[in-house]
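We call the chains A, B, C, D and E, going by the order they appear; numbering starts again at 1 in every chain.
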Amino acid sequence: MNTATAQETAAAANAVQPYLSVNNVEVIYDHVILVLKGVSLQVPQGKIVALLGANGAGKSTTLKTISTLLRGERGDVTKGEVTFKGERVDQLTPNELVKRGLSQVMEGRHCFGHLTIEENLLTGAYTRSQSRAELRESLEKVYHYFPRLKTRRTSQAGYTSGGEQQMCAIGRSLMARPSMILLDEPSMGIAPQIVEEIFGIVKDLNAKENVSFLLAEQNTMVALRYADFGYILENGRVVMEGAASDLANNEDVKEFYLGMSGAGRKSFRDMKFYRRRKRWLA
Amino acid sequence: MIYRETGQFKTSYETDGQILPIRQDRSMLFGTLAVALLVLPFAASPYMLSAILIPFLIFSLAALGLNILTGYAGQLSLGTAAFMAVGAFASYNFVLRIPGIPILLAFVLGGLSAALVGIAFGLPSLRIRGFYLAAATLATQFFVVWCLTKIGWLTNYSASGVITAQKIEILGYAFDTPAAKYVLVLLVVAVMALLAKNMVRSNVGRSWMAVRDMDVAAEVIGFRLMRTKLLAFAVSSFYCGVAGALYAFAYLGTVEPEAYNLELSFRILFMIIIGGVGSILGCFLGAAFIVLLPVFLNVLAHSLALPTSVASNLELMVFGALIIFFLIVEPHGLARLWQIGKEKLRLWPFPH
Amino acid sequence: MNLSFFFEVLIGGLLSGVMYALVAIGFVLIYKASGVFNFAQGAMVFFAALTCVGIMDKFGLSLWLAIPGTIVAMVILGLCIERVVLRPLVNQPEITLFMATIGLTFFIEGLAQLIWGNQVHKLELPIEDVPLEFLAEKFNIIVSQFDVMAAGVCAIMVAVLSLVFSKTKVGRALRAVADDHQAALAVGIPLQRIWAILWAVAGMVALVAGLLWGARNGVQFALTFIALKALPVLILGGFTSVPGAIVGGLIIGASEKLAEVYIGPMVGGGIEGWFPYVLALLFLLVRPEGLFGEKIIRRI
Amino acid sequence: NTEQFIALPSYRVGPYASGGSGFYGGIIDYFNLVNANGGINGVKLSWEECETEYNAARGVECYERMKTKNGGATLVDPLSTGIAYGILDRVATDKVPMTTLGYGRSDAANGKVFPYVFPLITSYWNQAAAMIKYLGDKSGGMDKLKGKKIVHLYHDSAFGKEPLPVLEALAKQHGFELIKIPVAPPGSEQQSQWLQIRQAKPDYVILWGWGVMNSVAIKTAQRNGFPRDKMLGVWWAGSEDDTVAAGDAAKGYTAMTFNTPGNYPVIDELRKKVYAAGKGNLSDQNRIGSVYHMRGMTAGILWTEAIRHAQEKFGKGKPMTGEQVRWGLENMNIDEARQKALGAFGMFPPVKTSCEDHEGSGAVKVQQWDGAKWNAITPTWVVGDKALTRKLVDESSAKYAEEKKITPACAKS
Amino acid sequence: MQMNEPDALFNAARRIGPEILDLRNISLSFGGVKALTNISFNVRQHEIRAIIGPNGAGKSSMLNVINGVYRPQEGEIIYRGEHRKNMDCYQAAKSGIARTFQNIALFKGMTVLDNIMTGRNLKMKSNFLMQALYWGPARREEIEHRKKCEEIIDFLEIQAIRKTPVGRLPYGLQKRVELGRALAAEPEILLLDEPMAGMNVEEKQDMCRFILDVNDQFGTTIVLIEHDMGVVMDISDRVVVLDYGKKIGDGTPDEVRSNEDVIKAYLGGH
């Protein structure tokens, strides 16, 4: 594990201007449901930041706030601002954001059911004016990452399995060659081997192409292994933040997010009591 | 009185299962009903009664019928007016051909005839979905009206296919004043609305909503698609049929098959979408909106003393624009707007 | 049975079918590309035709000058629709968007008549609606040259639009939008711009339909009703298929005419109102998404 | 209250807006003219319009809203059969006379059953009879009709079916073949009907159409090579709206009317006193004297005459109540002399009403479109077999009376 | 349902009964895609049977075959001694097979409570007229079933969201509600398709408890698809491994863990 480097980069991150920064945003759904109660976070350039938290903490909402996809779900940002590359972006359209290099993989796959896998991937490159050859190349790269997709390339996405759709969704956002990706639960429904591969890809892109990531993830263990920095969200508030390695070693995090209490990992069969969730701030 | 539910504890599932669990809502409903039944017949002008309230109630009933089908069971239909026509012409024939039949029974039989037609035309819904089904239901609309113009027997061989609804008489009392007709319509609508509410909050209603939201899953859980959908068609058509009968008997009096044209079907569809798809209250709000808004705009245009042709076109434009406006403000209709309003009130004075 | 009469009915039906298809294409365009069932298509046809003759009458311009003027008007209309109606309703349920287009219908109808008055106009295209002579003489079959031209226009439109949808990046993006607004936004498809273009194009298709139908029936409010003739074509061909619109049109046109002529007299006639719908319904029972429509994906 | 209030449930949007604006424009123009001339014995006319969109429910609402306004409406004409049906019962209870010029129930001519309904001048049944009479005359005598083929091409609705009893009876009587071909509403596509017509090779085609169906019929007749001068439309298929939309195809087309097209002193006066003063109702002055406009003026004239006549009985210079106007309508006698005095000689047939005959005339003319305007082609008024239609009126109204439990009787005044 | 003493119950001996479901030589293909090829395995009463395999292996399709959403082209299903070529959704539900779905298939427009109530529909007897009148037996029945559902709600600890429309819930809670809906049917066999996807460890632990408790207390047989090997290995009795529509392993967790093919195709070298 790269504990030392993570700490270093965390320190460095505070020094340089953040690539993406979310300042004190408040989000209300349907005019009445207050979901984010002032969330702030930063993603430094070329870093991987994990956003952790229980179900309903507001991770997806945070990501949608950044990518301005919230408008379509009757959510309103009532306070706060989002900046990307030093520019305010909360008033932009998602299209402009993608053009600036910020792309999101949505939770729950959202493939275009009637399009084939390959067409799905090609739509991902919509914002880029690439030549045919370049397009082919990007496509091959995705197929290289996810060989499974290649075998299913001519199937309509709606008829592929859950995991295949997830791969398709991730592949599709890679096609835009973004400089920053918001990943919402990439590992959901994916076989463990592929999960490792996906995170491998994340790391790879991060290292080779300097792509930054903000990933909302339930698979805390893996997420903290690959991330540089982490935020923990509870009930619409950031309750803890720090370098990934610090978080991974934090007792509370260990117990509540990594399922390790004191003496290492416990079998799922041996969990005798319903656990009452501990809330830091509630 | 401030809208608060504090202090109202539900101690049994029975009370929690009530139609309106909050006391203020309950008193409001009863208050409205009391006013509608005890005050309005005497206080409202004949114009109010016979040109606004009666059609409003009848349209609400038809909207209720359509909402059961479209809002609850998820089957988009554009054939509402056809079912209304079946109800009206069937009731007319029952009264005509069975001397001495109680008029309410004739309405019920009219409704049942509509239900039968509804089942027949609902059969395709087992295979066809969405807008395909909607467009296909137009077949009902055109076919039924065509039948009514073609088959002389149905209109008692009147030269032009026009029927004159018989007088409404119940137990010797003639319902011939606007107030009397209004009370009759109100009672019918209130009872049927209550029944509808009961249906949608019990297992039938859940089966409809399940089929609407995800029919494959509903099947897996054990709902039978055919039964559920056809029941929805039957109940919905029954409601529309009764509404159609009232439209002829308590409102227009003399009707031609053309009175139940596509335009009427659309009007009723507008009502449920504006009011709220899948909401009983929405039917009433939507009907009020569609019935009252043009009247209001018309009165307004007159008071502005615009040239009439300009005024008429402006009316139409404003009407269209308002529909869009309301959809943008709240795509789920007035009923949801009302609900959000209540939720805000509940939280008041805090914004969230 | 009189064979040449049969062919006459058949050909007449096919050509009427082409006219229906012209309107149906406008629907398909918008449905396929945004999942919106555009109730206002009929009103747009009316608006386009009325604007065109309105410009000719009011300003005394020729048809060839009025057409570009109308195109400009339709583009402006398309832009406004996108900005005011669709943009705030992104990602809403289909039925809401459908309802919004109904509101739009009222608005457009009111607007058209407010600007151009409510009178009936005539519209003369350079091609006359008279029988083709050689066919009439040789085979005693009457085929209007106007209809033949309409069929040509329709064929061109179908060819161009099918190509756009299946072969281009924009076409793919449009199909993606119809599947999932949110996801389309997420991959960076500029929904707003695309919709604006789309509605502008739909406006032009409406203009073509409006000119041809207007020349045939006169430019009057009833042009909005021809949408009713397009619906069975649409469900039979499939909401999402441009070639489906033309094939559906041909099938509906031919069979409705044959039915009216050969079955109609047995049941009292006037069956053209419902026959196409019943026919389409029968087709749907076999193929619930129409002949060429995309299959609705139902999976769990 | 010193004004005579009249309700105008009009329609100026929708598919029939063009006709609606012409008709109501004509009424209002005439009212303005009357008022400009000092009213009826000093009683000014006042009116209010209400948009019905040709929709029954909205029409009923309009009627109900206006009937009590300004001391009560004293006359109404919705120019829509559906609305007329919707308020048929109501006008009797409310005592508001309703006129239905050339539409509505033909059997309402029987004032004993329909005391408050006046299908003035002529009804569908009389029109049908007159059409056959005209076609007979055109063929060289009624006996020449024998063996002829006449197509009844009709709007497949209550409206199109209404004349069938008359046409069938006359077909039997005169020995012509009646071929009935319905057109599914709205009728924007008629290829199959016209192919059937071409197949049948009829001598005449009666076009019983409405709205877009008319221009489409004319156009389709052209494309199928059927001579337009052998087409005879009803008066709802005989306005500029129908022919203009059909373009050149309409040249030679004939249709019924109950107004003789042309210019009349009253129209000149209207131009001078109303339009010159900027009070004209039509936005396009070319439409003055058009078919619908003249039909509206006719309604206006008949109404004012009824009111004037009522004033003679119930008191000059006073606004009349609905009941009094009803009396006026029922005892109207506008002969040629009176028409001359009104500057409308020949504009419409002389009208003489009574309790038994709320129609008052039954005479019509035939007009032909020359490509720019309508011209009358029957020098005199055409009247069909009135005995036959009277029989039908009596039968049908008796049936209605029975259904409604009405005892037929003339209203006492 | 008595949830008071989970410990005591948990410690009770786990009796695995005879075969309740047997699938023989099932093959299923969609057009050219072979989703399942000649697969046989059985499920014993009261056991927790896991199905694992890489993405697109055919796991979900397998569940769909068991409860009749898909009809296999070949093979035989023996359920409680009855031989069938394929199941039918309604029959399956009626004979006690309930399930959850990979892509949550809740009824989005309904509240949590209503969703769970739908699970009990097969147990509701009163006819529709009675329900419309909401009278007598219908009313009593409604209340009775409501009680049962409330027990499930308590069990799953979702009291607070009872009246919330499910569309508004976060993913994890939706999964829980879906389990509730399946439980409401009091099934004999419960098919769970990735019930723990999108949950963190703590939530997975809760979910495992629910599953184990259901299994213990009601003797419900459970067929489970899951990608989290920790969960699968810990709680299942036997595991089937699929790969590209073929069965490549079957046995106890330990056997499967050491199976070469399985390691190669799925588990990898971790």
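The working rule: a contact is a pair of C-beta atoms (placed from the backbone, for glycine too) under 8 Å apart; a residue touches a chain by one contact, two chains touch by 3 or more.
Remember, it's a predicted structure, so these values are computed and weren't measured experimentally.
In how few steps can one go from chain A to chain B if every step must land on a touching chain?
When the steps are counted carefully, the minimum from chain A to chain B is 1.
Chain by chain, through touching neighbours only, how many steps does the shortest route from chain B to chain E take?
Minimal hop count between chain B and chain E: 1.
Need the most distant chain from chain B, centre defined as the mean of C-alpha atoms.
Between chain B and the rest, the longest centre separation is with A.
Which of the two pairs, C-E or B-C, is linked by more C-beta contacts?
Higher contact count goes to B-C.
Centroid from C-alpha atoms only, then distance chain B to chain C, rounded to Å. What do you get?
Chain centroid spacing, chain B to chain C, equals 32 Å.
Measure off the straight-line distance from the CA centroid of chain C to the CA centroid of chain D, and report it in whole Å.
Roughly 36 Å, centre to centre.
Between chain A and chain C, tell me the centre distance in angstrom, where each centre is the average of that chain's C-alpha atoms.
The answer is 44 Å.
Provide the list of chain B residues touching at least two other chains, using ranges where the numbers run on.
In chain B, 142, 146, 149, 214, 216-217, 220, 309, 313, 315-316 touch at least two other chains.
Scan chain D for residues touching two or more other chains and write them down.
12-13, 17, 21, 156, 184-185, 283
Quick check on chain A: which residues sit in contact with 2+ other chains?
Counting only residues that touch two or more other chains, chain A contributes 33, 159.
Pairwise, which chains touch?
A-B, A-C, A-E, B-C, B-D, B-E, C-D, C-E
Over in the complex, which chain A residues touch chain E? Could you list them?
Within the complex, chain A contacts chain E at residues 29, 33, 52-57, 60, 107-109, 148, 152, 155, 159-164, 166-167, 185, 188-196, 218-221, 256-259, 265, 267-269, 271-275, 277.
Can you tell me which positions in chain B touch chain E when the two form their complex?
Checking each residue of chain B against chain E gives 12-14, 16-17, 195-196, 198-199, 201-204, 206-207, 209-210, 212-214, 216-224, 231, 278.
Within the complex, which stretch of chain A touches chain B?
The contact residues of chain A facing chain B are 28, 30-34.
Name, in rising order, each residue of chain C that touches chain B in their complex.
31, 37, 84-85, 88-89, 92-96, 98-100, 102-111, 113-114, 117-118, 228, 231-232, 234-235, 239, 267-268, 270-271, 273-274, 277-278, 280-281, 284-285, 288-290, 293, 296, 298-300
What part of chain C is in contact with chain D in the complex they form?
2, 5, 8-9, 12-13, 15-16, 19, 109-110, 113, 117-124, 129-131, 136, 142, 144, 146, 213, 216-222, 224-226, 229, 256-257, 260-261, 264, 268-274
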